[in-house]
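Chain lettering (A, B, C, D, E and F) follows the sequence in which the chains are written, and residue indices restart at 1 in each chain.
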Amino acid sequence: MRSDQREVNELRNITIETDYVKHPEGSVLISFGDTKVICNASVEDRVPPFLRGQGKGWITAEYAMLPRATEQRNIRESSKGKVSGRTMEIQRLIGRALRAVVDLDKIGERTLWVDCDVIQADGGTRTASITGAFVAVVIAFGKLVEKGKIKQLPVNDFLTAISVGVLDNGKEILDLCYEEDSKAHVDMNVVMTGQGEFVELQGTGEEATFSMNQLQTMLSLAQQGVDELTTLQKEAIGKWAAVIESKQSSSVAGE
Amino acid sequence: MRSDQREVNELRNITIETDYVKHPEGSVLISFGDTKVICNASVEDRVPPFLRGQGKGWITAEYAMLPRATEQRNIRESSKGKVSGRTMEIQRLIGRALRAVVDLDKIGERTLWVDCDVIQADGGTRTASITGAFVAVVIAFGKLVEKGKIKQLPVNDFLTAISVGVLDNGKEILDLCYEEDSKAHVDMNVVMTGQGEFVELQGTGEEATFSMNQLQTMLSLAQQGVDELTTLQKEAIGKWAAVIESKQSSSVAGE
Amino acid sequence: MRSDQREVNELRNITIETDYVKHPEGSVLISFGDTKVICNASVEDRVPPFLRGQGKGWITAEYAMLPRATEQRNIRESSKGKVSGRTMEIQRLIGRALRAVVDLDKIGERTLWVDCDVIQADGGTRTASITGAFVAVVIAFGKLVEKGKIKQLPVNDFLTAISVGVLDNGKEILDLCYEEDSKAHVDMNVVMTGQGEFVELQGTGEEATFSMNQLQTMLSLAQQGVDELTTLQKEAIGKWAAVIESKQSSSVAGE
Amino acid sequence: MRSDQREVNELRNITIETDYVKHPEGSVLISFGDTKVICNASVEDRVPPFLRGQGKGWITAEYAMLPRATEQRNIRESSKGKVSGRTMEIQRLIGRALRAVVDLDKIGERTLWVDCDVIQADGGTRTASITGAFVAVVIAFGKLVEKGKIKQLPVNDFLTAISVGVLDNGKEILDLCYEEDSKAHVDMNVVMTGQGEFVELQGTGEEATFSMNQLQTMLSLAQQGVDELTTLQKEAIGKWAAVIESKQSSSVAGE
Amino acid sequence: MRSDQREVNELRNITIETDYVKHPEGSVLISFGDTKVICNASVEDRVPPFLRGQGKGWITAEYAMLPRATEQRNIRESSKGKVSGRTMEIQRLIGRALRAVVDLDKIGERTLWVDCDVIQADGGTRTASITGAFVAVVIAFGKLVEKGKIKQLPVNDFLTAISVGVLDNGKEILDLCYEEDSKAHVDMNVVMTGQGEFVELQGTGEEATFSMNQLQTMLSLAQQGVDELTTLQKEAIGKWAAVIESKQSSSVAGE
Amino acid sequence: MRSDQREVNELRNITIETDYVKHPEGSVLISFGDTKVICNASVEDRVPPFLRGQGKGWITAEYAMLPRATEQRNIRESSKGKVSGRTMEIQRLIGRALRAVVDLDKIGERTLWVDCDVIQADGGTRTASITGAFVAVVIAFGKLVEKGKIKQLPVNDFLTAISVGVLDNGKEILDLCYEEDSKAHVDMNVVMTGQGEFVELQGTGEEATFSMNQLQTMLSLAQQGVDELTTLQKEAIGKWAAVIESKQSSSVAGE
């Protein structure tokens, strides 16, 4: 039995609160149980040097935790003067994942900055960040559409992320909280589209290994989580959900 | 008339929400109008090297803003690899102010880390930080008292901070919002105890100067703001308010 | 057809040269086609602070490229004053993978530093690094055994890594060279033990996604590559191969 | 009685030596007793990016101490690789103060770099720096006037700074030396114009607080110090003193 | 007698392998006994800011050692976040030496980046680096000539470097290996042209001094080493040797 | 003829002012013409980690220039966050040179920090630094002797440094000022003992080379300069000169 009594395929309580902070074009507070992340999307009217003059845009993400988001206080990365390898891995993952479902050719020479700031951590901060960031990004692009700055929503599919793992008792589970994560033998993050395609798959044996069978079971659990998360995203983005769904169909048809 | 229709001596709507985040010993979300700051107090069971072996404790503060707390997104200080002069000034101020009302000899060899993270900024982030941090600190010390780790609340007085300034029309005002702050000729931050003693006074002419008369008017406005903020702090800290008030009396008596 | 005429499941020419540099306890030059990496394993007789006094050891890896290992010269990370996110990701991956097959409880309070320095790059530098680093590590541990510093080889299984991907024409392929990698829609690195268990799985859609079917095909290709690489490792480590094989059997028996 | 026998309202011996170093446009060695600061003003014919194209100029200040300016040797900030919070506070203060009395619209797109390097420290280095920097700045602008690069001296008033404080015996004093400063309960730096307007007011209780009465006494002492310092500045800048005095009158008239 | 039985004026075994790595315009692996350095020359079609628009080029060098090039593993400079003083001294020396024999006015607005990476160290890494770098530079310029990008080889003379020293027994020797170097009282690096002119002379007493007589003996040994090294360089660069020799003569004639 | 009318073997006006700053154990202001350097020697009662427990001491030097010591203002190294290669070279040279004439075994576990801060530069800052630093070091050690902390002056010989060079007209000269230095083809710094032994010899062709004959002429000029500088040092250190001279004799006798 899991430490918080959940079924192996049961997500924690997930909430997505939009318009959380007033300045950003898109702002979301997402909770995966006790994990809470502020996801802000900011539009900047220029692109990084390597893209200038090409008429296309860019999405970049940054991730951080408040020092006391965790049980033990962490030293600020600004005080240390450098960003940790863990932070870099996570923010590169978030940016890459978002770019997989956005049509960068359709947003002009703009950069979307996505800031995921964890204010409370209990496992799964990177999957919550991706899932919340997607909503913030859609809202930000929606504002650009409404202001006439871009013609249509440049988002091709939904994008959610969830963790799966193998506990020390050999049991595969969905959406690990911190207590589970710290004891798991295998930890896998799965980023998927609303249509069930993989965007990222990152599975790691923690001083352990895993078999093909365990991989299949974990992927099946992840699929279940992704379906639920996609439903919650649709509610959060309102009218824009239909726009994305219509793209999904044409995308399938046009394959 | 002020941009948000307030009287010259009128504070913005101030709220103090305690137990905002679950891990820290003291956690507060304070709002000064649209300025929102998470103030977390963390207890660490050791002191910096310069204090080791002296049997006394320390309080240190860190301050940061989320990148999109402001109207324009700011680059993260962790990405820049260094903390700005503005940030250093503010966090040194917060720490110094808190130490002025805490009896560091009574807390053992412990460090209280105070993290003030601005999630939304509209002027007055340093005064909101100090006012909120004081509440988080009292709650954190209260927990140490309740756990029997220290004998009594080591806090000698209330501590609040407020901004005053002189607008470009020469009018002195209390609690400047960002729009006012950006146009003010003089900007002054006043940190006071609950009994009306000064802890810090930082007045700055912004490519301008101010007279003794203007100083007196600003200090009078600040005193009014401080009284209101102290009342709100008392509500936020509940039973600990009476403990601090009893110290104030004895302190006055013993002067 | 592939740019270098290989079959989809065909590895490049792989060579492993041991004792490449004279000072390190284990030193290997590994080539995956035109990708050449020096993998040096150094034994240090102490562990990082977080492990002191626990009687166990640690393995940590560092990865770098000579500035002109690539077609365009890259600025040195020492000149930039910081290690890039890509470098951090790769060196964390190498260290984690090695730790999965080494019994850290059996090496005493020692750190094994593994340095993977790419002197020529043509795609697949991280998979060549892991595959070569494993050989250097076995040789280094072998010397500790021969000197009587540890009782037996603390290595539980072979460890190899290989890349698979999906080209822009939808074709799944094994062991991508740089030209293929730069055009691939999907890039996946698979780290496996000699017995076919997963250690790490990192699949990424590059502004694209991939299906469950494509995943299965890629994993099957990876398995073929891993078998060949394991055979080459056995040749490179000589007598130590039998020791590891004997552990594999007992490990299976004891499951 | 004070440690060096001064009256409470008595300045230390103050000297201002001009043309101290040969390269800078303005160069001053100022002494406040044993505190000695080289203040160099350098003219650069361009402005920082945020001001380009606006036809106005900028003044920026940097402050440092030689490692052995103090009783104990300090590590160089260049060796530490970063500037301390204390240094940042002081150099921001110096720059802000100078900008308050200079008409930046009248100096063209130029930056005045003011370097205050403390070669010997005995308390009051920031007030000596501001007082000396003002003289260096006037001399540098005077040269620009004489070379015909600007039409008139763009300086609206004199600018001096002095410290006041409250000793542990409750006594308010003027111009604290290091021994006094290290024992003071309150430390306040006052920056004023020649006409007695405030430019900056920074009062700090050092683990202590201060009352309104104490504030008034300190401000009165500061006023006395400022008058004497202004007289010394007039001697140091020679013919330019009259130019500034004539501006003061018109400034008062035009208020 | 020397630790490796060499005569006092005997070089170690020197080899120069060209085309060592495939991407750089010039690539050399040079060995001075057990000291092995990869010297890569890369052509970049622009110059540093201070040279732009002057129609001339630049040569800059970087030097590094693999962490385990030495008997004890060294921390990477990229991990430390800064380049050591020793590294800076060496790379400045290499660049300066190369620029002394190259006609920078004849290479257009190009920068030649020379990377000297020590993969195995046994003393004399800087002299091996300069001697090998010269060969890489000639090959790189040769390619520019062959591609018609520059008219003729812009190299005026050969350039070699060798170490000489005084052992603790007072004996002067040529080409110190690490064991000798660590015990030497005097260490001198001599950089010379093929015609026996000095380019750099850096002699250092290691907590010792040396006399004019010792200096003369060391310079004489250096001259012998330089002659042998020049011969090896001529073999390595093939047809370009004659071009440089023809310049030498005209240079002497034109003095 | 030289730009300042000096003979080829004529030093600039050299002055050495002792007790320049009050806190350091040894403090000197040395001038080589318009080059002025403050040399402070500070005694610290511990040694760097690599020397602990060996009963011997260490000397380390740091060098810096005030931003406007030069004709163009330089950015502070503390602002840049790193020390330049030039600075590192110079401070390593100063420390190494001083250590060559000090008996580190006789100073106990102490570090002598030598800070050379250039307040005005006109060429030859490193030779002025070494020559002045020697005086500061002798004075600092003299104080340790007088306080009874060490038994005798641990200085074996005088130590001076001077520059020589070859102008663009082929003429060898002594003690180059900045104007000469910027045009010289060869620049050589010679560090010698009072008895005429070499401590350091650093000769550099600036995009030029030099012959054995030129070297001999330069060394002869250097010897003349060193003799004069030694005489000035003797005056500056007063009674300690005789102590050092007595060591010189015994040193020669004991060779």
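Convention: a residue touches a chain if its C-beta (ideal position, glycine included) is under 8 Å from a C-beta of that chain, and two chains touch if they have at least 3 such contacts.
On a predicted model such as this, the values are computed, not experimentally measured, just so you know.
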Open item on the list: Just to be sure I understand: going only through chains that touch, what's the smallest number of steps from subunit B to subunit F?
Closed with: 2
TODO: Tell me which chains count as touching both subunit D and subunit E.
DONE: F
Task: Furthest chain, CA centroid comparison against subunit C - done: D
- [ ] Count the residue numbers both subunit C and subunit E use at their shared interface, divide by all numbers used there, and answer same if that is over half, different if under half.
- [x] same
Task: CA centroid of subunit A to CA centroid of subunit C, Å - done: 29
Task: Distance between the centres, which are taken as Cα means, of subunit D and subunit A, whole angstrom - done: 52
Open item on the list: From the mean C-alpha coordinate of subunit A to that of subunit B, what's the distance rounded to whole Å?
Closed with: 35
Task: Residues of subunit A engaged with two or more neighbouring chains - done: 81-83
Open item on the list: Testing understanding: with touching defined as stated, what is the shape of the graph linking the protein chains, line, ring, star, complete or other?
Closed with: ring
Open item on the list: Could you spell out the chains in ring order, with the walk beginning at subunit D and its first step landing on subunit F?
Closed with: D, F, E, C, A, B
TODO: Spell out the part of subunit E that touches subunit F in their complex, as residue ranges.
DONE: 82-83, 85, 88-89, 91-92, 96, 99-101, 104, 157, 188, 193, 196-212, 215, 219
Task: subunit F residues within the subunit D interface of the complex - done: 21-24, 27, 34, 38, 40, 42, 44, 62, 64, 66-71, 73, 76-83, 87, 113, 115, 117, 119-120
